[in-house]
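Here is the structure we will look at, set down as C-alpha cells.
Chain IDs A, B, C, D, E and F follow the sequence of writing; residue 1 opens each chain.
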Amino acid sequence: MRLLLINPNTSAGVTQKLDAVARVAAASGTELVSVTAPRGVPYIATRADAVIGAIVALEMLSARDGSFDAAIIGAFGDPGLGGARELFSVPVIGLAEAGMLSACMLGRNFSIVTFSGALVPWYEECVKWHGLHERCSSVRALNEGFATIEGVQNEKEQRLIDLANRTADEDGADVIVLGGAPLSGFADVICDRVAVPLVDCVVAAVKQSEALIALKTRSPKAGTYRQPGAKSSIGLDPFLCRMLAGIRE
Amino acid sequence: MRLLLINPNTSAGVTQKLDAVARVAAASGTELVSVTAPRGVPYIATRADAVIGAIVALEMLSARDGSFDAAIIGAFGDPGLGGARELFSVPVIGLAEAGMLSACMLGRNFSIVTFSGALVPWYEECVKWHGLHERCSSVRALNEGFATIEGVQNEKEQRLIDLANRTADEDGADVIVLGGAPLSGFADVICDRVAVPLVDCVVAAVKQSEALIALKTRSPKAGTYRQPGAKSSIGLDPFLCRMLAGIRE
Amino acid sequence: MRLLLINPNTSAGVTQKLDAVARVAAASGTELVSVTAPRGVPYIATRADAVIGAIVALEMLSARDGSFDAAIIGAFGDPGLGGARELFSVPVIGLAEAGMLSACMLGRNFSIVTFSGALVPWYEECVKWHGLHERCSSVRALNEGFATIEGVQNEKEQRLIDLANRTADEDGADVIVLGGAPLSGFADVICDRVAVPLVDCVVAAVKQSEALIALKTRSPKAGTYRQPGAKSSIGLDPFLCRMLAGIRE
Amino acid sequence: MRLLLINPNTSAGVTQKLDAVARVAAASGTELVSVTAPRGVPYIATRADAVIGAIVALEMLSARDGSFDAAIIGAFGDPGLGGARELFSVPVIGLAEAGMLSACMLGRNFSIVTFSGALVPWYEECVKWHGLHERCSSVRALNEGFATIEGVQNEKEQRLIDLANRTADEDGADVIVLGGAPLSGFADVICDRVAVPLVDCVVAAVKQSEALIALKTRSPKAGTYRQPGAKSSIGLDPFLCRMLAGIRE
Amino acid sequence: MRLLLINPNTSAGVTQKLDAVARVAAASGTELVSVTAPRGVPYIATRADAVIGAIVALEMLSARDGSFDAAIIGAFGDPGLGGARELFSVPVIGLAEAGMLSACMLGRNFSIVTFSGALVPWYEECVKWHGLHERCSSVRALNEGFATIEGVQNEKEQRLIDLANRTADEDGADVIVLGGAPLSGFADVICDRVAVPLVDCVVAAVKQSEALIALKTRSPKAGTYRQPGAKSSIGLDPFLCRMLAGIRE
Amino acid sequence: MRLLLINPNTSAGVTQKLDAVARVAAASGTELVSVTAPRGVPYIATRADAVIGAIVALEMLSARDGSFDAAIIGAFGDPGLGGARELFSVPVIGLAEAGMLSACMLGRNFSIVTFSGALVPWYEECVKWHGLHERCSSVRALNEGFATIEGVQNEKEQRLIDLANRTADEDGADVIVLGGAPLSGFADVICDRVAVPLVDCVVAAVKQSEALIALKTRSPKAGTYRQPGAKSSIGLDPFLCRMLAGIRE
C-alpha cells in the first residue's frame, strides 16, 4: 500500500513530525510518502487559512495522482477533504476526521484540545461539517502565544496537560483528541499524565487509511462523491486543471 | 455606498446578469461595481469547485481592499465567505445566505430550487454551514443537461416552474429560493406561475448589504470574526498575501 | 413605500423611540407611520403578556388593512407574527426576527442581551420558534429592577455594556442583538464600548421591510402562509372580525 | 378534585363532546365543569385563530380563578398554555400536550392525524413548542371540506380510519394521536379498525390532570413558570386584568 | 386494575419504599403487587448494571405474565423497557419515563437530580433514548459516597435540597425530577424547601399507568412495538423462554 | 495482538462466517479467537433480543477476561457495548459502530441495508445511541421471510442488491453499510453490482480494533467509561459476577 501524507502547510518541521509518527503507526508493507506544501501559510489557523489549505491540498494531491493508494490530508480541520473525495477515486482521510471517529470508540463524548485559540472557530466548523457535534463536548485551546510551531508541544507541555485534564473534568469528555498537526506524537509523551485516553490524529489517520483499503470498496458510480464531469478552467495549477478536466493517470 | 459584487466564476455572461439585477435593486446613491473571476471555473458546481471559488473570492476581494463599503460573493454556496469575514472589516454577504435569510421572513420553510443536480451536495452543505437546515425543506434540482450556463434560465423555464411548484406541493415549502447565480432575474420572470413566493438571491444580497451598512456596526475586537494576526505566506496571490500580512488600505 | 410600525404595547414613549430610530434608517421615499397599542400592557415581558400582545397586534394591523405596504411588529418576541402573515398579503416583519437574521450575517453566533430577566423565557421561545437556536449562543439579561421602561437604556447604560462584553467573552457570541423595543437606538450609543458588533432591531426591521418589498414577491397561493378561508367569529374586535371574514380593503 | 375544562372555541356542540368523554374518564370524586368560549371563533384552525384562542383561554381561566384545582385547555394546539402556567398556580394541561406525552409511552414515534389540512401548520408548531418533534413522525390531515365541526367524526369515519392506517404504515408511527377537540371520543369508535394504538386527547388530559394533582407539587418560587410580578393593563377583559394585577382569589 | 411494580434490583428495602409510595398514589380499586429482583445487583448504577437490570426485568415480567393489567419497571433508567413493550401486550411504564413526561407539564425544562455521580452517564443515555433531551437542562448528582441505599435520602437530605436548588438556579430547570428508586417519597419530604416543583417518579408512574389503562388502547398490530414472531432460545430463564416462544397466558 | 470476536447469538454458522471474513482482514500477527454464545437466541432481531444479547455478550467477555487485547461484539446493534467498555480495560468494538464510523469516511451520508424488517427498530436505536443519525440517511430492510440465517445472503442476493441500489438512489446514501452478522463477506460478493461503496462490518471491526490498539491509549481514570467500583451481585453468571466484584485477571 502506497500511502501519501500531504502537509498543506509550508512548515517542513511539522511534516517531519507527521512522517515520524505515521511511519511507526503504519503496518509493515506500507510505503509512506510525506510532502510539504510548496505554497501557502506556515500553519492553518483561521477560516481564511483553511481556504488556502484547501486549494493547496487539492493541488498537492493532483500533482501526485496515480502514485498513491490512499492519502491523508495532514492538517487538523481537513481542508479540501470533500473536494478531494470527489476528484480522487482512492480513499482520502482527514486528520481531524480520523481522530474524531477513532475517539468515538473510546468514549461517549470527546473534546478537542489544541494549543492556540485562533484555531477554535475553524475546528468547531470542522466538527459540524463532519456531523459529529453530538459527540463533541468542547473544543478548548490555550489562550497565549507560542515561540515556534514545531516546538509548541515541548514549550507548552505542562500547560496542555493541565488543559486536557481540566477539559475532561469540566466538560465531561471521556477522551481527548489532540488537535493540530504540530501535536503529532504528543499523546505518547503525556498519556500517563492525563486522566482520560488521548487520540493522536496521525496514528488514527494511518490506521483509518489501512481500514479503508481493507474494505476494498469500489469507486462510487452514484452519490455525492461520484467523480464529477470534466470541467474546463482558467489560470489554475496545471495538475489541478488536469484533474478537473477529467484526465487521470 | 460603494458595493462590490464579485463573481468567483469565470463566466462574464453570468456577471452581466448579476449586475443587471443588482443595479435595479440597489438604492439610489449606491455605486455598484461587478467583476468576473480572472481565474477559476466557468461555474461552481461541486465541492472541489467550491474550494477554487473560495480562494478566487478571497483574491478578488483582496485586490480591491479599501475600495468598497460592502461586498457580495456572487455565487450561491457562498465560497470563501467565512474567510472573507475574517480578513475584511466591511460587510461581506453571500448570495445563498442573503436568499435564505430573506426567505425566512416569507415562510416557515423554504426550499432551494436549482437547475443542475451536480449542485445539490454543495448547496446542502451550505445550508448546514449557515445553521438553517431546520428552516430548509429541501434542495431540489433538475436532473438533466443544459446548453449554456448563461442561457439556462430560458432553456429550462417551464421545467423549473414545474419543479418549483412540485417542490412547494410535495416538500411543504412556503417559499422558494432560486439557487445559482445563473438564475438571477428569473424570479421576476416566473413569479406569476409559481404558487409560492420566490426569492431572487441577488436582489436579496443587495438589500442585505444595505441593511448591514445601515446598522453601522463596528469591526469586531472579539469573537470568531475579529481580524486574525498578521501571517507570512509563500507563493500566494500578492494581494491575498498582503491581506494575510495584515497590510490594509 | 408606506411602512407601518405598530407598538403592541401601550407605552407611547417606547413608540416614540422606535419611530425616531426607524425614521433615520428608512430609505428616502418611505412613508413611516408608527402607532401605539390602544389596549394591552405597558410592555410585554412574559408569555402571558405575549398572548395579549399578539391579539393586540392583529387588531392594530386589521384596523389599518390596505393602508400599508409592509408592517413591523415593534416588540421583540414578535407577538402575533405567524397569524399576521396568514391574514395580511403584504410583508409583516418582527423586531426579533429582523435583528436575529441580520445578526446571522455579522457572526457565527449571536447572543441576545436585554434589560430584564423576566423577558428571557419568552425570548428563548422566540428564538426556537424562528428555528435559529443553532445560531444563538445565549439570551442574557440584567437581574434587577428598573425605574421606567422609557428610561431604562439610560439608567442601565454601563450595566448593559458590561453585560454585553461579558456575554461576548463567556458565551462566544460574535455579535449581540439588543433585545426589547425600549433599547431602540441604544446600539448607536454604546457601540464603541462593546467588543463585538451590535444589532439595533428597529434599524434591522426597517431595512428588512425594504428588502422584502424589493423582492416583489407574490402572495402565496399555497404553503402554510396562504390566506385562510373566511371564518365567522363572535365578540372580537370589529376590524379583526372583518379580516377573519375575508373582507379586505 | 375540581377540574375545569375550557373550550376556547365558541362551538357548544364540541364542548358537549369533550365533556361527555372527560366525564367517563374522570376518577370518582372528580367534579368536572366544562365551559364554552363566550367569544372567539367556532374552531381554531390557523395561527391567527390560535392567537384568538390563546387570549380567550386566559380570559376564561381568569374568570374562574380559585374555583378549580386543575384546568384543561380543550383545544388541540394548546392555545395560551404557557401564559396560563405563569398566571395560575394550579396545574393547567393542554389537549395536544396530554395526548402526545401519553403517546410517548405507547410507541417510539407518534403521528398526529386530524380532519383538516388547515390545522397542520399550527399543529406542527405545537409539536415543536413542546420539544417533542423527535418523537413525532408526522402530522397528517384529510384535504377536503366537511359539513359541520360537531359532525365531522361521523362524516369522515372511514376516511380517517384509512388515513390513520396509511400514516402508521408509511410514516412509521407506532401510535396515533387523534388531533382536534371535535375528534373527542372517536378513538373508542374506530380503535378496532386501526392497526396501531390510538390516543384520545381528552381522556389523556383528564388522566394527566389527575397525575399532576397526585404529585402535590408546590407552586414554583423560581424558574420560568413562577408567577410574574403585578402589571397594570388597559382595555383588557376585567378578569384577566385582575390576574395580571396580581389579585388572586 | 392489577398493577405490577417490579424492582429490578435486589434491595428489598427499596422495594418497600416504592410500594409504600405507590400504594398512596394508586386510585381506589387498584390492586398493587410489588416484587424484588431474585437476582442481579443491589442497585443499578452503570451501563453494565443496566444490562443486568434489563434482563432481570424481562424475567420478572415473564414470570408474572397474565397476572397484571399494567406494569412499572421500578428503576430510574428504565432497564428493559423497550423489550418489555414488545413482549407484553399490556402497558409497561418506566420510572424515569413517567417522571420526565410528567415534568414536561410542570415546566419548560426539567433537570434530574440524584444521589450518586455513578448514575449520571446511564441517566443521560436514558434521557436521549426517550428523545427528551431538548426538555432536559441537566442531570446532576452528589459526588460523594453514601452509607446504605435504603437510607440515602435521610443521610443526604440537606445535600440534596441544596443541589436541587442550585440546579434550578444555575441550569434553568423549572422542575426537578428526583432520580433513582431510593428517592421514592423524598419529594414529599423536601418540597417546601426547594424553589421549584419536584416530581416523585413512583407517584408519576402509578398515575401514568392509570392513564394508559384509561385510554383502553388495543395492542399494536403494526409498528415497532407489535409482538415479534415466536423465537427459540437456549439456556434462558424458563419464563422468558416461554415469552420469546410466543406462549402467552 | 490477541483479538476476541464474540458472537452473542447461538448460531455457530454465523460465527464461522464472521471468523472467515475477520481472518482475511486481520493484519499478520493478529491471533483471532471467535466464539459462539453458549446461551441466548439464534439471532438478535428485536429490542427484547438485544437485552438478551447484551447480557450474553458481557458473560462471554467476562469468561475470557485477560485473554484478549481487544474484542469485537459480533452482532450489528452492538448489544452490551456500553457496559463492556466500563468493565473491560481493553478496547471493545461493536460491529455496527465500526461499520458506521468507517462509512463516514466514504460518504456524506450512509444507509444501513439489512435482510429483515424485524431488525429496523433496534438498528435505528443503535444509530441514535451512537449519535450518528445526522450521517444516516435511512435503515432499510427486505420485508419478507427467509429460510435460514446462515444462508440468507445467498437466498436474497439479488433482492439485497436491488434494495441497496434503490436505497442509494432514493435516500441519497453515498455509501451503504450492510447490517447484520449474517451478511459478513457479502459486500465482497456484490460490490460490483451496487452503485455506491459497501461496508462489510466485520472487516471494519477488525481494522478498527487494530486502530485502537495502535493508539496505545491508557485506561480512563476519569470519564464515563472509567471502571466502576466493585459491586456485589446475586444469581449472575460467575464470570460476570467476578468482573462486577472488581476481580481482574
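Brief remarks follow.
Here is the rule we use: a contact is a pair of C-beta atoms (placed from the backbone, for glycine too) under 8 Å apart; a residue touches a chain by one contact, two chains touch by 3 or more.
Bear in mind the structure is a predicted one, so any value in this text is a computation, not a measurement.
Residue contact pairs shared with A-F exceed half only for one pair among C-D, A-B or D-E, and that pair is D-E.
By number of C-beta pairs in contact, D-E leads when D-E and A-B are compared.
Between the CA-based centres of subunit E and subunit F the separation comes to 29 Å, rounded to the whole angstrom. Separation between the centroids of subunit B and subunit F, computed from CA atoms only, is 44 Å. With centres defined as mean CA coordinates, subunit F is found 52 Å away from subunit C. Shared contact sites, meaning residues of subunit C that touch two or more other chains, fall at 82, 108, 121, 125, 224. Those residues of subunit B that touch subunit A in the complex are listed here as 10, 38-42, 45-52, 54-55, 58, 80, 82-87, 118, 120-121, 125, 128-129, 224, 228-229, 231-236, 240, 244.
Listed in rising order, the residues of subunit C touching subunit B in the complex are 25, 27-28, 82, 91, 93, 97-98, 101-102, 104-109, 130-132, 134-135, 168-169, 172-175, 187-188, 191-192, 194-200, 203-204, 206-208, 210-212, 214-225.
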